[in-house]
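The following block contains the structure, expressed as structure tokens.
We call the chains A, B, C and D, going by the order they appear; numbering starts again at 1 in every chain.
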Amino acid sequence: MSNTDFVLAVEDLTVSFDGFKAVDSLTMYIDKNELRVLVGPNGAGKTTVLDLICGKTKSTAGSIKFNNTELTKLSEHEIVRSGVGRKFQNPSIYENLTVYQNLEVSYPKGRGVFGSLTFKRTQEVEDRVRKVAADIMLTEFLDMESALLSHGQKQWLEIGMLLMQEPELLMLDEPVAGMSAKERDQTADLLNRICQNRSVIVIEHDMEFVKKIAHKVTVLHQGKILAEGPMEKVQADEKVIEVYLGH
Amino acid sequence: MFGYSMADIGNIVVMQGFSGLSMFTVLLLMALGLAIIFGQMGVINMAHGEFMTIGAYTTVLISKVAASYGFTDYYFVFAIAIAFLLAFAVGYFVEFIMIRHLYKRPLDTLLATWGLSLVMQQIFRSSFGAKEVSAELPEWMLGSFKPTPDIDIPINGVFVMVLAALVTFGVYMFMYKSRWGLRVRATVQNRTMAGAVGINTAKVDRVTFALGCGIAGIAGAAFTTIASTGPTTGTLYIVDSFMVVVFGGAASIVGTIASAFGIAQAQSILQFFMTSSMGKVSTLLVIVTILMMKPEGLFASKLRK
Amino acid sequence: MTLWEKMKASPVLGGKEGVIGLAVLAAVIFVILPLSVDIFRLNLIGKYLTYAFVAVGLVMLWGHGGILSLGQGIFFGLGGYAMAMFLKLEASDPESTKIQSTPGIPDFMDWNQLTALPWFWEPFKSLPFTLIAVLTIPALFAYIIGYAMFKRRVGGVYFSIITQAIALILSILIVGQQGYTGGVNGMTDLRTMLGWDIRSDSAKYILYFVNGLLLFGAIFLSKYIMSSKFGMLLLAMRDKEERVRFSGYDVSNFKIFIFCLAAMMSAVGGAMFTLQVGFMSPSFVGIVPSIEMVIFCAVGGRASLIGAVYGTLLVNYGKTVFSETYPELWLFLMGGLFISVVMFFPNGLAGIWDKLATKYGWFKDKAEVAKKPEVSTSGVEAQVVLTETTETMLAADSTNTATKAPRKRASKKDTGLESSKMRGAEA
Amino acid sequence: MSTSNRRGFMKGALVGAMMAAGLISGHAFAADYPTAKVNTTGLAVTDSTVKVGILHSATGTMAISETGSIQAEKLAIEQINAMGGILGRKIEIIQEDGASDWPTFAEKAKKLLEKDKVAAVMGCWTSASRKAALPVFEKDNGLLFYPTFYEGLEQSKNVFYTGQEATQQILAGLDWIAKEKKAKTFYLIGSDYIWPRTSMKIARKHIEQHLHGTVVGEEYIALGDTQFGSVINKIKLKKPDVIYAAVVGGSNVAWFKQLNAAGLNSSKQTMLTISVTEDEVLGIGGENLAGFYSAMKYFQSQDNPENKKFVEAFKKRWGKDAVIGDVTQAAYLGPWLYKAAVERAGSFDVDKVQAALPGYTFKDAPEGPVTVEANHHLTTKLRIGQWGKDGQAKVVYTSDYIKPDPFPKGYQ
């Protein structure tokens, strides 16, 4: 495939599990600094798309280019190192470590075996941790064991861990699940802040929340794109209405 | 193969085929109970061999009792039933006092059941002495069946084969055709959900574990016809049993059957053409190599993760 | 800062408790035991301490990394055999083997009709080569096994059972290839090392102390690793492997490294075993010793380095004493010990110590205590939440960062289950 | 027993044994042998007692085999004590468990010699355990009485071997079977470790060079393997005149059961084994063995008076179901040989005991008189027993006395 100006170019992406096509010839482009939301009914293939991009699942066919680098052949850590960050549906943090340590572990230095053995906590690390902690509203909790955080705070912490890596593309799977209304608002602000110098893909069910953050929305259905575009346009799309109501 | 007549070679092929089948059923019987306990429940039961030994000693004792009443012909059927019940009962008890506290720590079940196996070995030694004993086999089970004068089909091999088939069928019916089996599978797949729909998961666990032990007891009883009975007999079987289950893909009973078949044929053939001990090593090496490449075993259920 | 303060503040040593723990262990190994038992018992303890190398490796591999290898006997054996080959060659000089058909080769080779030394034995005539081999051969072996498995993400129970099978294969091979290995008898009657009689009392004393120093070396190295970012990652991998991978780490490399390191430690133990006991046999390579070594570690506390040493000493001493006093009963006692440790004291001796220390407020400020080992009966895979690392990191925190406030939350007095319950309530 | 110079045994085995030994050596009283004189090297010998170690596996896989040895040694020691002990000193037993683990044997041997200072040790069973413990005995100058028939290739001044070395057990047996059964082709099968391998090496040389026969197959089974289908088929293909077997442990039971089930019973196949004694028969079952031959120096069924007495005493002490195999009898010799050696030396000092024993003939051994040779092995006879369904062997052949030759020329 040809090179593009897009941060992420997904073309003809297909994956099948025992013949069942969870993602079927999907083509999608994400711009620089864009915040894209993936919506769709359960089983539409949203999470699978993220899995494919970050290498958790291997594709059957098609290509994924990130800054014109083919990702489908890379292993997970190589994809991450090339600048893609992924947050999971359930908050995935190291519960035995403190908030500080969680962020520190995510700092993109000392990633090799020997690098990690000789890694030192420099002022640079310190500054970066504090800055991210401030972003995710956890400055006060830096020394707390992260298991003690509230559910919403854990979600933020995971986002913070991704921010530590300064990814160019951030993928968030249901970042506001289990959050209070106030936390949702804070998260929306957070997302709007962080997409200023990177692209973000979000999977979300909460349409109110989607409205607050989405630049563009992609509706998936049975592994295929049903509609794509700004929120208002998608909401008005008849196919989309049918799928959602008929569901 | 020069210097042998065609008839010789033909006979050997038949008998070798049987010996492969026979080893297959032995491995299958060994592994079935473990396939339930380890494969379905995730408990790494290192005392599996000792549950087999319970069955073996039961058979020996009953053969002695039967002999003193002049009732040696068909005692074996009773022996198998009692071996099952006894191993089942011990398994039930062990689950209750020990295993149920460890379900969330599978690797710890390995250590605890290792301790259990030591204790059981010493119980056997204290009760039956350190020496090996043998069950007096009924006349009809000795010797061989001869379709032609030059072909011998061991009757005890046939017996183990039939028993393995029956037990496998029974396990299949139980797991896939009975309400109990449904509960077991439900509990294994989603404990919380199973509990929520009114399944007594604790009881299901206990019965399932005990069932696996009971089947080990049957295997132990059957093996008195082909091998030894002593306090440490169980240790002869444990690694082979795990190999069969793991190689087959832990959660799959079909996998266990397939893997028992594959391992038995490989070992049987290799041991024919190499020395016995190198045949065994080669078989293990092949298994380990395949497992390294396909860690989920032969018949892993493909899940969309 | 005084030395004491420096040591206390060192994240590697693990704070005040860590320093005192090491000091006590050093006193036990280097002063109390040598003064209180005769050379026979001391040699026996030296033998136990060679297993402690394996246990220390397992603490990192299993306790911290969550990787349970049931094949540590492989590496113990490889190290031991490498050393035994050197010593056997030295004991097989043409003069003392002149009654053989082929003098100058080890006796078991002669019995097996070998007429020349096999090529792979030749280099073991050199002590430097042997010492290098003790470290590199097991590491290479571990690398191959680890690479094959971790790159394919074989983990958990499967890893355990495959390593167990490899241990079995290796022991059958050693037994089967007796012309090259001495078979089931192993390599016996090892006498001297570069002319130095390793069976003399003075040699036993020296070897005991060398062994002790090497063990401390292994512990310090482990402590350093545990307190580095590597140690933190190891824990992170044990609990959330996926997350680590998606933070840009090649998880398999870390696992391979720690597996190789544990293998090397086991091998050093094996080599020291050969030197102190005077022979090596396949009974250290197989399944049973490999599981026993895991149990030493479990009894001591699978996440505690120092606990592992005490666990090894306790179990082996128990084995010796019970089997002398109640030869017919000791299996009951051993079996019972294993069961009860797993069921009631999953953190082993270290866990018991922590409970006591917490209860009586020894060494710890209570806030730190809250983050101490939590075991878990409630966790997913075999997990114990760890001891030293978190604690040392915390110690480091308190010197580096000023924000201590949130740590002092009232609900954190209790450890273990209670506190996890409380967490549930808070969440 | 024609060589016995005594007649008229008293009833009751124990009393008989007491008297028997008494007649030979005469009663000794401790007062005649002051401790300071008879024990100059600091052994655990007092005015009234002498400590002797028993070192066998009471646990683990080898306990199956070693239990008989422990029982025989204890019986002999009790009998010796009942007749006044050694030089008027009662034997105190210190029993240690080798736990089927070779290093443990070394550890326990060290403990017995260095801590307990025992005057002698009855013990070890497998070669591996002996090899592990041997350096300890040599370094601490201890004394070991080792009961098992073994591969030879060893001779230590610190060990007396009361079982047969390989050539004693193998050569005469092969000669007999070659002559009796006109056997020309042999199939060798053994467990995969040193004793069977060395034995088979000797057997092969003897078959090829002296009997002018052919070895048509040689097979080794991994220790603990229980599947013999393929091996049996190989044997069927080769149709050997004789199977020569040295399979041990759990494999042994499986081997005979499966062989029988495959139709290779004694009516079709001649087999001579060197690894089946009455102890193994318990596990194998007489019906699976009936008609096969074992080559041993002793069988429980021997009907010489010394043996009858021994069997009676053994059953009285250890239960009527107890059986006695070759090694058990050899183990029984240990304490008696030790007693004789000490009394000949007039001292418990190891060096003197060692020097005193060679040349001694123990006339009352259950197997018949045996003589200790300068190489610390015994001159014995070899017997071929044919097994019956009842688990006892009928002795069908008894050789002349065979001198021990642990380093046989031409067989290495």
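By definition in this document, a contact is a pair of C-beta atoms (placed from the backbone, for glycine too) under 8 Å apart; a residue touches a chain by one contact, two chains touch by 3 or more.
Chains and their UniProt names: A = Urea ABC transporter ATP-binding protein UrtD; B = Urea ABC transporter permease subunit UrtB; D = Urea ABC transporter substrate-binding protein.
These numbers were taken from a predicted model, which means no experiment stands behind them.
Trainee: Which neighbours do chain B and chain D have in common?
Mentor: Joint contacts, listed by label: C.
Trainee: Which chain has its C-alpha centroid farthest away from the centroid of chain A?
Mentor: Chain D.
Trainee: Which chain has its Cα centroid closest to the overall Cα centroid?
Mentor: Chain closest to the assembly's C-alpha mean: C.
Trainee: Could you compare the number of C-beta pairs in contact for B-C with that for C-D and name the larger?
Mentor: Spelling it out, more C-beta pairs touch across B-C than across the other pair.
Trainee: Distance between chain A and chain B based on Cα centroids, please, to the nearest Å.
Mentor: Averaging C-alpha atoms per chain gives centres 48 Å apart.
Trainee: Which whole number of Å gives the spacing of the CA centres of chain B and chain C?
Mentor: 34
Trainee: Nearest whole angstrom, what separates the Cα centre of chain C from the Cα centre of chain D?
Mentor: Between these chains, centre-to-centre, one finds 40 Å.
Trainee: Where the CA atoms of chain A average out and where those of chain D average out, how many Å apart are those spots?
Mentor: Going by mean C-alpha positions, chain A sits 76 Å from chain D.
Trainee: Chain A: which residues touch two or more other chains?
Mentor: 56
Trainee: By residue number and range, which residues of chain D touch two or more other chains?
Mentor: 58-59, 192, 220, 222
Trainee: Which residue numbers or ranges of chain B touch two or more of the other chains?
Mentor: Expected reply: 121-122, 125, 277, 280-281.
Trainee: Contact residues on chain A for chain C in the complex?
Mentor: By the definition above, chain A touches chain C via 54, 56, 75-77, 80-81, 85-86, 88, 92-98, 100-101, 104-106, 108, 110-113, 116-119, 121, 126, 140-145, 147-148, 150-151, 161, 165.
Trainee: Can you check the complex and tell me which residues of chain D touch chain B?
Mentor: Contact set of chain D toward chain B: 58-61, 63-64, 66-68, 192, 219-222, 224-234, 236-237, 250, 252-254, 257-258, 260-265, 279-280, 282-285, 287-288.
Trainee: Which residues of chain C touch chain B in their complex?
Mentor: So the residues of chain C touching chain B come out as 68, 70, 148-149, 152-154, 156-158, 160-162, 164-166, 168-169, 172-173, 176, 287, 291, 294-295, 298, 328-329, 331-332, 334-339, 341-343, 346, 376-383.
Trainee: Per the contact definition, I'd like the list of chain D residues that touch chain C in the complex.
Mentor: 58-59, 95-97, 99, 101-104, 106-107, 110-111, 114-115, 126-128, 131-132, 134-135, 139, 151, 153, 192-194, 197-198, 201, 220, 222-223, 407, 412
Trainee: Which residues of chain C touch chain A once you look at their complex with the stated criterion?
Mentor: 225, 228-230, 232-233, 235-236, 239-240, 242-251, 253-254, 257, 370-371, 374, 385-386, 390, 393-394, 396-397, 400-401, 403-407, 409, 423, 426-427
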